[in-house]
Amino acid sequence: MARVHPVGVFAPVATTFGSDGELDLAHFASNLRWYAESALDGVAIMGSNGEYVSLTPKEKLQLIETGVKAIDGRKKVVAGTGVESTRGSIELTKQAAELGADFALVVTPYYYKPRYDKTAYVRHYHAIADASPIPVMIYVMAAYTGVDLPVDTVVEIAQHPNIVGIKDSGGNAPKVGELVARTPDDFSVFAGSANFLYAALCLGGKGGILALGNVAPTECAQIVRLFEQGDHTAALSLQQQMLAPNAAVTSQFGIAGLKAAMDMVGLFGGDPRPPLLPATDGERAKIKEIMERAGILDRASAV
Amino acid sequence: MARVHPVGVFAPVATTFGSDGELDLAHFASNLRWYAESALDGVAIMGSNGEYVSLTPKEKLQLIETGVKAIDGRKKVVAGTGVESTRGSIELTKQAAELGADFALVVTPYYYKPRYDKTAYVRHYHAIADASPIPVMIYVMAAYTGVDLPVDTVVEIAQHPNIVGIKDSGGNAPKVGELVARTPDDFSVFAGSANFLYAALCLGGKGGILALGNVAPTECAQIVRLFEQGDHTAALSLQQQMLAPNAAVTSQFGIAGLKAAMDMVGLFGGDPRPPLLPATDGERAKIKEIMERAGILDRASAV
Amino acid sequence: MARVHPVGVFAPVATTFGSDGELDLAHFASNLRWYAESALDGVAIMGSNGEYVSLTPKEKLQLIETGVKAIDGRKKVVAGTGVESTRGSIELTKQAAELGADFALVVTPYYYKPRYDKTAYVRHYHAIADASPIPVMIYVMAAYTGVDLPVDTVVEIAQHPNIVGIKDSGGNAPKVGELVARTPDDFSVFAGSANFLYAALCLGGKGGILALGNVAPTECAQIVRLFEQGDHTAALSLQQQMLAPNAAVTSQFGIAGLKAAMDMVGLFGGDPRPPLLPATDGERAKIKEIMERAGILDRASAV
Amino acid sequence: MARVHPVGVFAPVATTFGSDGELDLAHFASNLRWYAESALDGVAIMGSNGEYVSLTPKEKLQLIETGVKAIDGRKKVVAGTGVESTRGSIELTKQAAELGADFALVVTPYYYKPRYDKTAYVRHYHAIADASPIPVMIYVMAAYTGVDLPVDTVVEIAQHPNIVGIKDSGGNAPKVGELVARTPDDFSVFAGSANFLYAALCLGGKGGILALGNVAPTECAQIVRLFEQGDHTAALSLQQQMLAPNAAVTSQFGIAGLKAAMDMVGLFGGDPRPPLLPATDGERAKIKEIMERAGILDRASAV
């Protein structure tokens, strides 16, 4: 029996805050209703772009509850449920399942990284997978965590039937290729950034959780469709067209840039929680120009 | 008017857990009563050795409350109150002050490190210092966080009158020297590990928050006393004698090693929270041998 | 007028030493005559696998001279001519051209990397390209040099008409994609390792300089052919089959492993120059098993 | 019988080039005659500040020959003789001994660093020490080489009677302390930068090879003298005064900055070899200001 595994394009949705710094659940819900009608296959609540590290336990539950209701079964819902401790991750994963999430996305523990060996990681993920009512994805985000799980470790973790995929944000082609080659067919290797979505698909990846999916869901989904149709030339061309806007909402301007871009396409972005700084006016102007040049703003109104 | 700043040797106390994985506050209190009678100048609750990243908000408050009561004014109490967000750090700092902590130790935010520039760090620490009823120390722990604040940034943060010191765990002698030279006299530069306590004192440092202080408070305090007496030869000799046991409770065997060593000196250590693995029997045997050879176990009974 | 740029699969040939540690030019020539009859498009003399950092200036000239004669126009010859200084690189590049090399492969200067900015790199490469009678390729080998040229820097260097390509050994899919998108069509982006050859081709790369090409030229060339025929399924399958032998002759066992594998396919490998250690018997047994399982040893006799 | 080991302050002298880019041996000799009359204990020819990686084998011999003659027995002469290969390092070490150098300074091999384990490093240094007629120092320069030899490896290398010291440029206080504690008394642990000279002395170090010694030999030697006299307060004060000028000739402005500073104190500095860029006018102005503020220019005329 095949594992239920995620497929396609997911947006790691932003967490919205009001001008008082509190959660703005109304805008969060309206954003997610927009995504529910989009070309996306799903949303990921509380990925890195969701500022999960700056949320209280209570806020995390509110976001999952609100998100699941807004999506209302029209897309898959991934919930980021990883915290540093195994027991904390298990608790939050169970709560997310209770609230209706389809998958749990569990970031690698990272604080005591010099002390975490293969055994520690395997035990951590297997304990969570044992306890979780929903399938679990591994989340590797080396740029923020400093932890880039070796392929051997992922392969061993993936032997658990309730571990169904990995989101790897690194973009290392040999690693993506080796992960696909050495994990089961019903284990999803996901790109963690739109700048290597097409490459990941070529290598056998099954989709991605892509910041760019928040503002250009149609384009991201189109890359997958072109690839599936065997139109490599068009897929590569669209992939290249997405490099600049992808950088604008990730490495170049960060979460503040993503939120600014969301404001531009008719969603509510707002500002991130400090110490993250909001986008400056100059940055907003550059983001707008990049989005326009890539043709994203034109089509934003038509989901 | 001089700032109230920390001086001397502080132990970053371990958080104790029962076999059920829950907080063991009784043992935590008994450990701290032992420290209250020791040669230490203070304790630091919820440093990295206190596994603060694996605790819930509620557990954090319980530890501060229990610790302050157990110390009962006999030593200074530092509380680790840094979380990723500025607002979360402010909230916890205020609560720690309310509960009676003398200083707040605020770790550098680190998750979105590629996005945090000097402005972000200065705003973060100044906002906390503005809001905090108690003096604030900066906590730099690059081995775990990947963030090694540049001297320029620290110098600017230190201009705030409620920022009174820094714990730097790196051991870089030029950096310690430059921090001392470029910050006010009533700003404390603290060693973050006993393996460079003597060097830090030579360079103008005012003490340290030292994992080794948990099991060898007398020796750590003695290094400071010898230095103050101008007996450099004896201070260096004792410093060298402490290198092996210091490694045993830090880089070599980690928090599990520290907790095992605590068990050996008559305190309660226990096991860390997973994914941290407990010390193996082989590791315990090595730790014991190292502690004995350094003469720590002999004197442990006599605080 | 299009630049003459490299295309296809090149082997970064090993430098052969006798048991006395001196160059063994006879075996070097016989190896290259074998490659001249193989499916390769060319050879690269004095890449990292050629131990160029352990050779004297005189030995370098002997290798180029011997190699060009052995290849005898049947394949393209790339010569590694980069040293730390601009003037030294220019001198060796001119000598290589004089001796008949088709392309010069110039590694990024790296020793003073904290001092080298974009200006320094652009001036370096443009000065060499100005002086060189033959087209120049940039060589990025971050695992050994610690220098991973930013895309912006490469794009600016590539504006010189005598700079015709880059070998990037990193395997970062977004970077390969962006390099292709932002450089001219007649600038070749080359994979630096066989473990991402197929991905590089998908992204618009024109070939690779591949350690594995030394022992499995037919398979490497076949990946390119399958890709060109649009048979992505077969190309990916063969790419995956090559992951293990590629690791064996690169990251897993290094140059000593490559040389051991060469001995196994009927070439002469021998030992590397110390401080590189020769492959142990245990390592040789593992390499043999990996090569056999990948079907490389069976077909080695028939070039 | 104690090993002959280096003691005191050495300047890693700059290599001087004419406007044609060729070696300028006349100015090199005049600089060294100035050093021979200074407060220095010795000079180190062809350290990193001597741009040894940009020199031909012939130029290296010319520099040693010229340097030894200019010093004329008045100071100790260290010659940088490390290259990547063991055999090349042995050859150059023998030549340096022949030309009259007192010590050989052998940088860690580094290009194939992922392949060099403890065995490789121990064999390399022991082979050189076996073959060398003069005592050998280990040179660790992690900022440029990426290799920071572990203490265990140094301890094992140091067991050879012809290995007499280490220059470590990292400044890590725990490491310096542990190196001193675990190596013989007649093995010299040397600071590699003036910004931790005093700290290194406190920890049992025996001196340093200091870029700042090129332009402030009196001050550097004075730190050692004050330390030896037990005047820690004055030693630390002078050490702090040297932080800014030391940064100016090392991390802040690099070799170009050092050479500019040499021009300012009446020596000949000139420009470095490309790709190193010369100091700009703005940089020269800043260096001058830093040197003046530290009182170095005033006293430069009086050696």
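Quick notes
A, B, C and D are the chain letters, set down in written order, and residue numbers restart from 1 in every chain.
One rule holds in what follows: a residue touches a chain if its C-beta (ideal position, glycine included) is under 8 Å from a C-beta of that chain, and two chains touch if they have at least 3 such contacts.
Keep in mind it's a predicted model, so treat the numbers as computed, not measured.
Between subunit B and subunit D, the centres computed from C-alpha atoms are 36 Å apart. For the pair subunit A and subunit D, the distance between C-alpha centroids works out to 50 Å.
Computed centre separation for the pair subunit B/subunit C is 50 angstrom, with centres defined by C-alpha atoms.
Taken residue by residue, subunit C touches two or more other chains at no position, since every residue touches fewer.
Shown here, the protein chains touch around one cycle, each chain meeting exactly two partners.
Contacts between chains, counted with the stated touch criterion, involve the pairs A-B, A-C, B-D, C-D. Every residue of subunit C that touches subunit A in the complex is listed here, in rising order: 170-178, 180-181, 193, 195-196, 198-200, 202-204, 230, 232, 236, 239-240, 243.
For subunit C in complex with subunit D, the touching residues are 21, 48, 53-54, 56-57, 83-88, 109, 111-117, 119-121, 123-124, 127, 143-146, 251, 254-256, 273-277.
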